[in-house]
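Dropping the structure in here first, questions after.
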Amino acid sequence: MPEPAIDTDFIRERLAFFKGARFKTWLDICAHCGYCADSCFFYTAHDKDPKYMPAYKIMQTLGKLYKKNGNVTREELKGIADIAYGDCTACRRCSLYCPFGIEPALMIAAVRGMCCSQGLAPPALMEAAKNHLEFGNQMAITTEDMVETCVWMEEENEEEMPGMKIPVDKEGCDTLYVLNAREVKYYPQDIAEAAMIFHAAGENWTFPSMGWDMTNLGMFAGHAKIMAHAAKLCYDAAERLGVKRIFTSE
Amino acid sequence: MYEFVTGPLAWIAFGIFIIGMTVKVISVIRLASKKDKVVFNHWSWGWSFRSVYRWLIPFGSRSMREKPVLTIVFFVFHVCLLAVPIFLLGHNILWDERWGITWWSFSETSADYLTLLLMAAAIVLILRRIVLPEVRIVTTAYDYLLLAIAVAPFVTGYFAYHQWFDYKTVLIIHILCGEIMLIAIPFTKLSHMILFFFTRAHIGSEMGERRGAKTW
Amino acid sequence: MQVFHDYVKDGKIKLDPAKKITKPVTYQDPCNISRSGGLWEEARYLMNAMCTDFRDMAVNREYNHCCGGGGGYIPMGPEYKRRRMASGKVKAEQIRETGAEMLVVPCHNCFDQIRDLNKEYDLGIEVVHFKTIIPQVWDLPDHLKPKEEHGETG
Amino acid sequence: MRKGMVALYIGMAVLVSMLCFVPAHAQEDIVSLADSAFKDRQRAPAVFVHEEHNEKAEIEECNVCHHLYQGGNKVEDESSEGQGCSDCHHVEEDDPARPLMKAYHDLCKACHRENDEGPVTCGECHPKQRYVLGS
């Protein structure tokens, strides 16, 4: 099956959108001085292979897109996506080492957005991100499963800590607790541990049946719609239950 | 010719430099207030100033401390680049005669040594670009051109001071090089001489205000 | 993180000094919590409250190195695992240098990544959350204690 | 009586003109403006061959350069030759009578620029090696 052509008009439009004062100034003044190289663990982990130094990664991604004004082939964009997703975790460490305080992480995020729009985000990441839309969390866990897990954890730890509850959707609490969907799927004990601590501290808390996954894979993938959706779920839950604050597990 | 390059052309060069930089600053601020509103939601002058200040003093930032040799070279280069032309006796006399402004000057001998120091620093910077793979990979012809634009007034100035070759010709070339640099600043990466303060202030506030993370 | 710190600092949860962990422990500063979250001193307060031999990594606080699993790297799946392991070398070496036997990390991304690194680089380290460790070292008031005094959980 | 007065006048005039003649002769040897008031020189003294300069520039009146100021106003028809420039202009930069270096620069360069003749750049007057332009 022939791969669809790149929607260069769209890319151009995004490039124009991102060209605010920050991106423009950053790209304009990067002096290619090399201060950022040693700050990047991709660079040091690969025996100082220069192709992993942050400034180069930006030149090869966002720099290239601006230089060609979005007119890239699918092959080229694949290469760009490979760097944007696979050679940078957007940890922002290089920003602290740059004399100009340039933020490659934000630029990588912008590039990811453009790659994602052309279907070039890593498939597994994209799939997990899409789960946010369908299930409200990245692990495709249904609300029933989640509530069941909570009940199971309550029972499991009954002996350990009598009276400990995992209150789902309790209205009028002080605190809304949200967590990483991996906890529910792989480490259910984590919920219990949090519950025990809240219980011991006498916290008046609740756990939402929807909007409990605070991870935002849409953001990592560069999918603005999913990103907004995932964040909204959490805030909706907070509003619905009338809590004063949100605690996240991380 | 000398009258022309120190007269009308000097006016043009300084004019383009000052107007260009002003336009640049205004357009950055305007663009930022239009497209980067998020920056101003949590702006902190305190964090900004501290970030700028720490990066202006030698070894004021962790990044600089981790690369001491490079930092020394960078500082020598930048300090000489700014100080020598501003405090050079010959320039001072010229400004006094033409525009009636004057200030403290270096002695001719110290200016001479500082120029040598700058050229040495420039050579190190060029060698770095050639020798170090992580710098070579990001180096483009444009980077060398910028270095050339920045260093040419000093090389020619050094020649003129020592009156090597045909003095008057060298002097005129020197003045032209200086004017080319002034004109180039607003339109090239050299504009970092002013934009540095903006980007530094931004990151200082960005990382500091919300997170308390030091950007130095 | 902030919450646990406040609980312990405000005395809502009391820690039992006798239960403090004695083996060498280190702490992973997650990018989103330290550099982008500003919560590094809180973590150290907790660490020192919970263990007797806390060893910081060579580069820490806001200058920490990413574990190598951030930015959605973990959910990118198995195709990316080799690259993830290769780039995690820096973190693995940092951990090894501390000589710690246990590593506390408040972030699930880092958690998974460091567990993978543990296997890949044979670090022989126990990776845990604050959540896991606090119930091990706390001093519960009597009315909250289980009927037949267990002491510690696994 | 009258004759005696005339003789006295003539005698004085001769004396004065002789006095004038002596320094004028001495000036023939001037080849540079090495004013001893400058203690630490930044550059070599400016090359200046008095007679040659005046011939070339067609200057006949001394006070074109050896001006005399009184109360801030130039006194026409009077000249100050015989005095050193540094008698009035001091090296100190806050000298109200125009600091010495500036006085030299202004005097020479203003005239050169006005007449579009003669050196105006640093190195033309202050050669790095004196013998190059000294001849």
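Observations on the model:
Per-chain residue numbering starts at 1, and chain names A, B, C and D are given in the order in which the chains are listed.
Operating definition for what follows: a contact is a pair of C-beta atoms (placed from the backbone, for glycine too) under 8 Å apart; a residue touches a chain by one contact, two chains touch by 3 or more.
Note that the structure is predicted; figures quoted are calculated from it, not measured.
Closest chain to the protein centre (all Cα atoms averaged), using per-chain Cα means: B. Here the CA centre of chain A is 21 Å from the CA centre of chain C. The distance from the centre of chain A to the centre of chain B, each centre being the mean of the chain's C-alpha atoms, comes to 39 Å.
Chain centres here are Cα averages; for chain B and chain D they lie 43 Å apart.
Spacing of chain A relative to chain D, judged by their CA centroids, is 82 angstrom.
For chain B, residues that reach two or more other chains under the stated contact definition are 62, 207, 213-214.
Multi-chain contact residues, meaning those touching two or more other chains, occur in chain C at positions 35-36, 62-63. The complete set of chain-chain contacts reads A-B, A-C, B-C, B-D.
Partner chain B is touched in their complex by these residues of chain A: 19-22, 24-26, 28-35, 37-39, 43, 48, 50-51, 53, 55-56, 59, 92, 95-103. Per the touch definition, chain B reaches chain D in the complex via residues 2-3, 89-90, 93, 96-97, 107-108, 160-163, 167-168, 171. Interface residues of chain D, counted against chain B in their complex, comprise 40, 42-43, 102, 105-106, 109, 113, 120-124, 127-129, 132. Chain B meets chain C in the complex at residues 62, 207, 210-214. Residues 41-42, 44-46, 85-93, 96, 108, 122-125, 128-129, 138, 159-163, 180, 182-183, 189-190, 193-194, 196-197, 199-202, 215, 217, 219-221, 247, 249-250 of chain A touch chain C in their complex.
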